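Each chain gets a letter, A, B, C and D, in the order it is written, and its residues are counted from 1.
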Amino acid sequence: MPTPKKQDWRDRLHEIIYEADTPEGKLFDVILLIAIIASIILVMLESIKHIDQRWHSVLDAGEWIITILFSLEYIARIICVRKPMKYVTSFYGVIDLLSTIPKYLSLIIAGTHALVALRALRLLRVFRILKLARFLGASNYLINALKASRAKILVFLFAVMILAVIFGTIMYLVEGEENGFSNIPKSVYWCIVTLTTVGFGDIAPVTPLGQFIATIIMILGYGIIAVPTGIVASEYTSQTNSSKGQKPNDAALNPMSSVQLNSQSCPNCLADNHKDGAEYCYNCGYKLSND
Amino acid sequence: MPTPKKQDWRDRLHEIIYEADTPEGKLFDVILLIAIIASIILVMLESIKHIDQRWHSVLDAGEWIITILFSLEYIARIICVRKPMKYVTSFYGVIDLLSTIPKYLSLIIAGTHALVALRALRLLRVFRILKLARFLGASNYLINALKASRAKILVFLFAVMILAVIFGTIMYLVEGEENGFSNIPKSVYWCIVTLTTVGFGDIAPVTPLGQFIATIIMILGYGIIAVPTGIVASEYTSQTNSSKGQKPNDAALNPMSSVQLNSQSCPNCLADNHKDGAEYCYNCGYKLSND
Amino acid sequence: MPTPKKQDWRDRLHEIIYEADTPEGKLFDVILLIAIIASIILVMLESIKHIDQRWHSVLDAGEWIITILFSLEYIARIICVRKPMKYVTSFYGVIDLLSTIPKYLSLIIAGTHALVALRALRLLRVFRILKLARFLGASNYLINALKASRAKILVFLFAVMILAVIFGTIMYLVEGEENGFSNIPKSVYWCIVTLTTVGFGDIAPVTPLGQFIATIIMILGYGIIAVPTGIVASEYTSQTNSSKGQKPNDAALNPMSSVQLNSQSCPNCLADNHKDGAEYCYNCGYKLSND
Amino acid sequence: MPTPKKQDWRDRLHEIIYEADTPEGKLFDVILLIAIIASIILVMLESIKHIDQRWHSVLDAGEWIITILFSLEYIARIICVRKPMKYVTSFYGVIDLLSTIPKYLSLIIAGTHALVALRALRLLRVFRILKLARFLGASNYLINALKASRAKILVFLFAVMILAVIFGTIMYLVEGEENGFSNIPKSVYWCIVTLTTVGFGDIAPVTPLGQFIATIIMILGYGIIAVPTGIVASEYTSQTNSSKGQKPNDAALNPMSSVQLNSQSCPNCLADNHKDGAEYCYNCGYKLSND
């Protein structure tokens, strides 16, 4: 970071909101985290009838405070980004909007209030906030292991789905409507409930043949549960091993653990995880402010 | 592939239907895949009462289109294979027939219509189609690991079955008919539901002694679940390791990953997974068409 | 095996019944296996009311044939062993007796007939029969892995039990009798049902606090399930590795896989797994008949 | 241990109560263990109505004996420690008090008797007693593996909680009060029941959309169960391997397995796990009595 540059207030705001390396940036993230959790708790309390009846005005006031705070944050985010449309149409942009609009809509149209609960989706931002702090440190191997085994687990889930459709259809034919297997989708749902060893028991086979097939499904599910576990365990072990036996020139294998990343995100295109000391965004070439 | 040979239309049809290396072959597989999935969705929609009542004629028309397509495919498969009886009596041959016949039968005999759902078994062909494309690439280790641990998992499942019979019998004696354990097979079924940690709750022990024995069964099941997972994880790790440390002369250990296989199947005996450049079928010695 | 010795009929009978190396011994084991499975199926069919009512006389006749066969086998086992009391008081001796007596008793006292189901315990002998054949081959590592992790799994189960008692007591205080947690043992039973992720649902928390504590128990159970799996997987991997890297002088580590054992058991003390070519029983010093 | 020192009776009592290296100390621990287990069984029996009604006076007498024993132990513990307040305010000090007080209170105020069940928390002391004996020997690796993977498992549980809140909120919106998802906390509770594959079935989705989302949650839970297992298995393997390949100068990696610890705890500050031959407490510098 050789020559510090003069920043206008939008760059500064961008740094506070989108990055976590400066004290102000960290403080903003902590406050945002608390606000998100508080908003979730408010929504939860409001959903409990007898609490809502007694404390309705308090909860409603809290809702409005949170909603206005989130609205201000949303506006600030739009102002300080170079390409606002990119943020507005991004995943987090849509969620941020969805977590404020229902409350305003509830003034005009009754019944949309329940959608306030969609605010829970903002919790996903917690991953983003934490990712930049201890998340990367603690679970780097884990994420790599999951990425490495993603294709295999997808193939595996695909096989489970096919099994569920086939056995679900067979159970529908065997048990029939009178025993709760009222149509094939419901029967497939039951089959997944069984294969995953959840077993609600809202639907359960009644005929001896149905119970026999259920036994086969359960034992299959029992054997199948071993597969993703084995894959993840194995990939995780190899991730750990490869990093332990890592020589300097093996760094390319595990770039995240050997290269220092910082939490700033490009003011232009919102790409993050820039390398420390990077002068330009790796994604759009926009000049980054390193000071 | 030194000298290309002239093919008659049956050889060409065989190549399209049974192989996936030519563009036409791939296109055929994709269309077949879509048709199978469409037929499953049709059967599912039909099984939902209120949808069937409103859209019966549309769904029925769709059924007939699918049935006729599958019939044509079935006939084409018989025509272009040298030994049609081999296909007709093969596993996929029987399923292909079973997925068309019930619809025709429903014209003559009422009530057989439900068997259309057997068409779901055609989904198994998806494994065959995908096996030849990305399946082999993504989950080669997985299949080898499962094959390597097959014997052990079978021995293990066998032990689970014996435990289930013994504990099922004991629970039948302890709980008796009045608590839902109305006969030994049902009691064994309950025991497998418990050992696999599915736990529907349609039957549950009521007496203190029964609940105590159930506790033992659950803890056993809990400990037992570790075994197949451990086996698969371990085999999978050793599969991955052995291929990483693989030298050229170790190829014999993992033939599938070091030898190029293609998707063509012998027009005579339907054996597939021929080596690239193979001139004769490894199974029946029939001359393969390499062009 | 230098000089074959003359055997009297008791030694011969002993070889047939207790060993599996001669053709006659194998045949005896196969017949015994079939008889045991047939007896289990008979007991199962008898426990199903409507089958028992229609086929009572046939099933009863079958029962008597099986009972007499087992009685003859029991007598033969006593005759051909040098120390009959050792067999009679052994685990298998008691089971063999228990599987015949109830049928005879049912002639004198009514109601003891249900105990015939105890015959299912004879299935345990299957382990003994199979152990000598393919069991040793296929699951040697598995048994060693389980033995190696036995102490750890016991400590682990002990910890699970303490957790269950503590959380069970807390749930009893929180939920109380009116919600099904009618006493502490039942509450502990519910706690184990939850910790093992079986979840019958016959008892379920109703109060918000109870549901919150249940959540903690479930997540604990979820994390805990990882532990025995990890132990077995790890032990199994190290078993496999140690045998792969085994040099000739490492044989002592895995004696079972490098020393040939045979299936004969000492006519005097019933100890089995003698080394091939052993002249005397390793347990009691009795001269073995090697021919 | 060069020069044995004269001990006053308080030091001797301290040695008996807080340590397990002398025969008296071991005997005390065994008696304490038996008393704790007996007290748990008493509380359990008392909670079963029909047993309590018949044997009330016997159980009550037993309760009083246990309570007085525990009170005496509590007083002895206070007397022989240099800083009694430290013990009284410590975790075990509070539990030890809580396990005696309710019984005395029951003389004055009715209804507090149920709190006697809190005595079950004393079972936690079993960990402390056993830790010093075979626990350290058998499950040292296990504890290290759990410690090493603690951060990752916490991050993982955190991710599970966020998923549960998001999906719980969605299910509340989709299913609504009429299907049992009466408020968001209850819906989150259901979501954790499903993600952990417990599946009580006290609440179950009824609408097709709800069942479809439940399917996604179950498959997620199924895939997720692989993660902690993989982590623990991998950490456990690396713990075992690092100790097997351990050279003398690698001792620092596994201090617990290479340094002899003894069971004495400092009479001043109660810190335990002192190294053998340590002259002063590593925590407060108090002179330890090594004789």
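Here, a residue touches a chain if its C-beta (ideal position, glycine included) is under 8 Å from a C-beta of that chain, and two chains touch if they have at least 3 such contacts.
Keep in mind that what you see is a predicted model, and the values were worked out from it rather than measured.
Interface residue usage between chain C and chain D, two copies of one sequence, is largely distinct: under half of the residue numbers at the contact are used by both copies. Comparing mean CA positions across the assembly, the chain most remote from chain D is B. Between chain C and chain D the centroid-to-centroid distance comes to 33 Å (mean Cα coordinates, whole Å).
Averaging Cα coordinates per chain places chain A and chain C 46 Å apart. Residue positions of chain D with contacts to 2 or more other chains are 185, 197-201, 225, 229-231, 233-234, 237. Remark: chain A residues 197-201, 229-230, 233 touch chain C in the complex. Within the complex formed with chain B, the chain A residues making contact are 151-152, 155-156, 159, 162, 165-166, 168-170, 172-173, 182-185, 188, 194, 197-201, 204, 208, 211-212, 214-215, 218-219, 221-223, 225-227, 229-231, 233-234, 237-238.
Contacts from chain C toward chain B in the complex involve residues 40, 43-44, 47-49, 114-115, 117-118, 120-121, 123-124, 126-127, 134-135, 138-139, 141-142, 145-146, 153, 157, 160, 185-186, 189, 192-193, 196-202, 225, 228-229, 231-237, 240-241.
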